[in-house]
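Look at the two complexes coming up: chain A is in both, with chain B in one and chain C in the other.
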Partner chain A sequence: MSILQVRDLATHFFTQDGVARAVDGVSFDLNHRETLAIVGESGCGKSVTALSILRLIQAETGRIVGGSIKFEGRELTTLTEEEMRGIRGHDISMIFQEPMTSLNPVLTIGTQIAENVVRHMGVSWKEALDRSQEMLELVKISDARRRLDEYPHQLSGGMRQRVMIAIALSCNPRVLIADEPTTALDVTIQAQILDLMLELKEKIDAAIIMITHDLGVVAETAQRVVVMYAGRKVEEATVEELFAVPLHPYTRGLMRAIPRLDVDAEDQGRRARLQEIPGMVPVLTQVITGCAFAPRCPFATAQCSAERPPLIESRPGHLAACWHTDKVLEAAA
Partner chain B sequence: MAAVTDAVVPRAPSLLAKTGTAIRRNPTIFFGGTILLILIVLAAIAPWITGDPLKLTPSQRLRPPSERWWFGTDQYGRDVFARTIHGARVSLVVGLSVAAFASVIGLTLGLLCGYFRKVDAIVMRVMDGIMSIPSILLAIALITLTRPGLGIVLVAIVIPEVPRVVRLTRSVVLSIRSQPYIESAISGGTRGAKLLIRHILPNTMAPLIVQATYVCASAMLVEAGLSFLGAGVPPEIPSWGNIISQGRSFFQIAPWSILIPGAFLTLTVLAVNLLGDGLRDRLDPRLSRRM
Partner chain C sequence: MSEKPSLEVRNLKKHFPLHGGLLQRQTGTVRAVDGVSFSIRRGETLGVVGESGCGKSTVGKTVLKLLEPTAGEILLDGVNVTDFSPGQMWSHRRQIQTVFQDPYSSMNPRMRAGDIVGEPLENFGLAHGKERDEQVAALFQRVGLRPENMRKFTHEFSGGQRQRLGIAKALSVNPEVIVADEPVSALDVSVQAQVLNLMIDLQEEYRLAYLFISHDLGVMRHISHRIAVMYLGRVVELTDKRSLFTRPLHPYTEALLSAAPVPDPTKKRAQRIILPGDVASPAKPPSGCHFHTRCPYAIAECKTIDPALLEVAPGHQVACIRRPLGGDLAPLTPTV
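On to the complex of A and B.
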């Protein structure tokens, strides 16, 4: 059962150098209680996809130029700004990457949580503060009553991200979008925050879109993965399927760039050395006719740069946009 | 021998010790603030501690400072002490009210400019226009058009000070707008007036308070300048500017009627600036390192 449907979403930015196609025809479904990961390197359009869902693209520079976003059957792209405000923070909330700067330094923690509650749930300030305390307890911040009156600078990075989660979940959203929620945290805290998010997701019955460039985070949290490259979806599969049989050369490249503990260096010789993907992400203002990954792809042929590969379901439930999935599979065997 | 000695109990620091620490940490705030406080008290109780600043004593003209005339007398036999202390009232009223009015107007316009692009385009051009007019000339023009009085002096000084506050506030708002916590607030559904007042406004306070002290000092100087030129407060209200102006022709034989109000003016402006510097270091340490 899908709660959020994104179809052919296109978000373009109008810059001095031309039109940057940051998101160029992306489709995916988010199912009820599911964690969907969107993976890709910097500039592939994953954050813009998230911002587009909440319609937070700065109108001066860019806008959604096509496609549809349906949330519980409601079309979000045609809602008025006023209606959209009721969705943000209430039905769909977002957690950002930088916990150090995502909280207002001059407002107390309690104010920042309670504000969201008052706006969306229409309760009194006092009830909202009680709810805030409850939320702080839920995200496992000790001494919650006292923390309500503290300012962000009195908390550590991990605690601030917990507060961000508390704000995001304070109105029981149906969808939580987490834009690299653990990137700015150190590794031990990362694990705690991810565990917390998954635990709370079960508790409040929400679905999560996890945006990340970290395949480790994907493996640990998600059920399904969308791999993006240059504003397009290049592969989609369940986590198990994707890690077992990556079909797109780009996904394979990403996986070979992860350090592994279970592969013995001497045993594997060639594979022990981490491999990078040669070349650079294409400039988004360029018009790409064929496959955007072709210039960096070891399997590329003339067809790749001439014709854009469609998303083909070459294995059950596993989509990949590549002309040469058979060759990729052969090479992996 | 019973080794009973007084146990060394750490005591809470006394009020005196706390004050001492505070002074050592922020000497400029302390000195600026103290001088200013003394002046405010003196100005407030002026009618009770001095004689009539307008009373003429023709037999006592151009007397040097003495036990009877602490700061001497001027060419009409008026008490320079009484006039100087009463003059402090004008300077302080002008300085503080200009700072208050310019801050409130400038803050409002600055917030709107920083937040709404369309308002920005129009208001900032007007501000650029005002800034291109020399402030003293604008004041003289305004005052010659109307009857002289304290009110019009205030208006005349506030107008050229407003653009400085607007520019500062606008730039602060622009930089705060791009902060992740504002994006985060928007993603929670906050917009418009609420975002501006609750999330952005408090962040502009520190630089604004510092700027207000500089506006205050500059307003005092402009007022003194206008009064000296005869375009400020009417001559029947003693102000440091017109005391100096009237004593000018007798400078060689009665320098006290110029030097003493001049010293008061310098000291007051210095005190306000010291206070501003101290506040800047205290409220925005990054700014102090940059400047």
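On to the complex of A and C.
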């Protein structure tokens, strides 16, 4: 059952160079208690999608120009700012990549968790602080009582991200959006945080949107994956299906471009070459008529640059926006 | 192997003083690099991997003599350059060049790309004027940039193209050794593959020795021949990449490999080693083995004995008292 429905979402930014179509007609559903990964490279629109759901796009530079976002049946795009504030941090909460810049450096950890609890749960400050301590214990911060009185600079990067998770979960959200939650962390700390998130997911009754550029993180955390390229959804499938049979040439290219740490890439004793994706991502202020990936795609034909490919369910539950999925499948075989 | 190593480092140390209090007296020392030894031959990549604060970047800066070493020796093509003054170092600078992580902040935004790449040629008096421009155009082509772009400024290039510029500049003076500090970390996967392929091609073409610093184990496994794993200023394991990935002997290496997410959902590992706690501060490293506070296999002696880097198997060095010379190389059993 889906608790969040995004339909034809379009978020544009109005820049000196023209209109940047950061999100250009994206649709997906988030099911109850599911982890959905949105994966893609810089500028593909994955973070803007997340910010759009929470209506956090700065009005001076950009706005949602089309589409609908429904949370438990309620349309979010038309809510007033005040109504939206009741949703943020309560029904839908978010954790960001860099915990140092999203925590307030002059407020104690306890204050920052408690203010969210007081705002949304209408309890006293003292009760909110008790809840804060409970939350720090939940995210496995030792000596939680003492930590409440500490400031963000006194904590390590991994601890700060635990605090962000504690704040995000403090009001029992239905949806947690995690935007590159472990990208700024070292690999052993990343393992701790991913492990914590997976464990908490079992305990809390929330669905997660995991936004990441890292296919390793996708493979280890998600049940379903949306792949984005140049503001569009190009592929969607369950995680097992996507890694086993990538149907979009971009997804396939990405998977082959990653240097693997679990296999030796050698070719007769020499280091094998990685599969490159030639060229680079398109400029989003350009109007793209056909498939945005066509100029870099080894399967592209004239049709690809002329007509935008629709999302087609060519295998059960597996959508891909490509005119030539049959050729991709053939090449994989 | 009669050939001298292109770069050799013996017991290299770089300590930074910490100052504090009213009179700014020295209150402590950060042992950023604390006794590191390795050598790199022509055509070989030595990867240095480790987490933030392990000293890997300081190793790079010290061998470039951008930082003066506190102790130890640096030999460039057999010549001990450790105590060379900047003037004496000048003639050796050509042999060792560098590629930085973020080419945007390491290039002058007001210079044209061609001038940036050609600057070392002029500095070393290798080429001027038209001859310089011809060499720069050839370098542009070699790294996959169009020579027409020589007139552009760095902000007109994408991240991947800027990294190509950085590589072209490093190559311009025909060095033997290139120190590359996280050269692909700021790049997207699709562009990262392009730059890694280019670096491998250039290495084979010019027999370059790479000191390749990265935190990314996938990149390491791809580009390195041998890998040194660092933890809090020390090398804890150094071996060829195959041994490192298939039979890691140091508990930290084992945990690091186990922690990295693998892009394959069918390989969800049954037992991942999750290290407790954070990396300790290099200003206050734990006693004995620096890793004992997080090590699942630590025994009482680990708190007091400072383990030496020993060659426990051919070409496989490890610094762990649970891996003594002639000892068993089977997996350890946790003590906690």
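The criterion applied here is as follows: the second predicted complex is superposed on the first by the 321 of 333 C-alpha atoms of A that agree within 3 Å, B and C clash if a C-alpha of one lies under 4 Å from a C-alpha of the other, contacts with A are read in each partner's own complex, and residues count from 1 in each chain.
Criterion: a residue touches a chain if its C-beta (ideal position, glycine included) is under 8 Å from a C-beta of that chain, and two chains touch if they have at least 3 such contacts.
This is a predicted model, so every value here is computed, not measured.
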| request: Specify the partner with more touching residues on chain A, choosing between chain B and chain C. | output: C
| said: For A:104 in the superposed arrangement: first (chain B), second (chain C), both or neither? | reply: first
| Partner chain in contact with A:156 - chain B first, chain C second, else both or neither | second
| task | Check whether A:254 is in contact with chain B, with chain C, with both or with neither, and answer first, second, both or neither. | result | second
| field | Touching partner for A:41 - first (chain B), second (chain C), both, neither | value | second
| query | Can A:243 be said to touch chain B (first), chain C (second), both, or neither? | reply | second
| task | Name the contact category of A:217: first (chain B only), second (chain C only), both, or neither. | result | second
| Does the superposition put A:3 against chain B (first), chain C (second), both, or neither? | neither
| said: Let me test your reading of the model: by the given contact rule, A:191 touches which partner, first (chain B), second (chain C), both or neither? | reply: second
| chain B contact footprint on chain A (complex, rising order) | 54, 56, 60, 81, 85-90, 93-94, 96-98, 101-107, 115-116, 119-120, 164, 167-168
| query | Any idea which chain A residues touch chain C in the complex? | reply | 41-42, 156, 158-159, 186-192, 194-195, 213-220, 239-240, 243-244, 253-255, 257-262, 264-265, 271, 273-278, 280-281, 296
| query | Of all residues in chain C, which touch chain A in the complex? | reply | 51-52, 158, 160, 188-194, 196-197, 200, 215-223, 241-242, 245, 255-268, 272, 274-275, 278-279
| chain B - residues contacting chain A, complex | 117, 179-191, 198-199, 202-203, 205
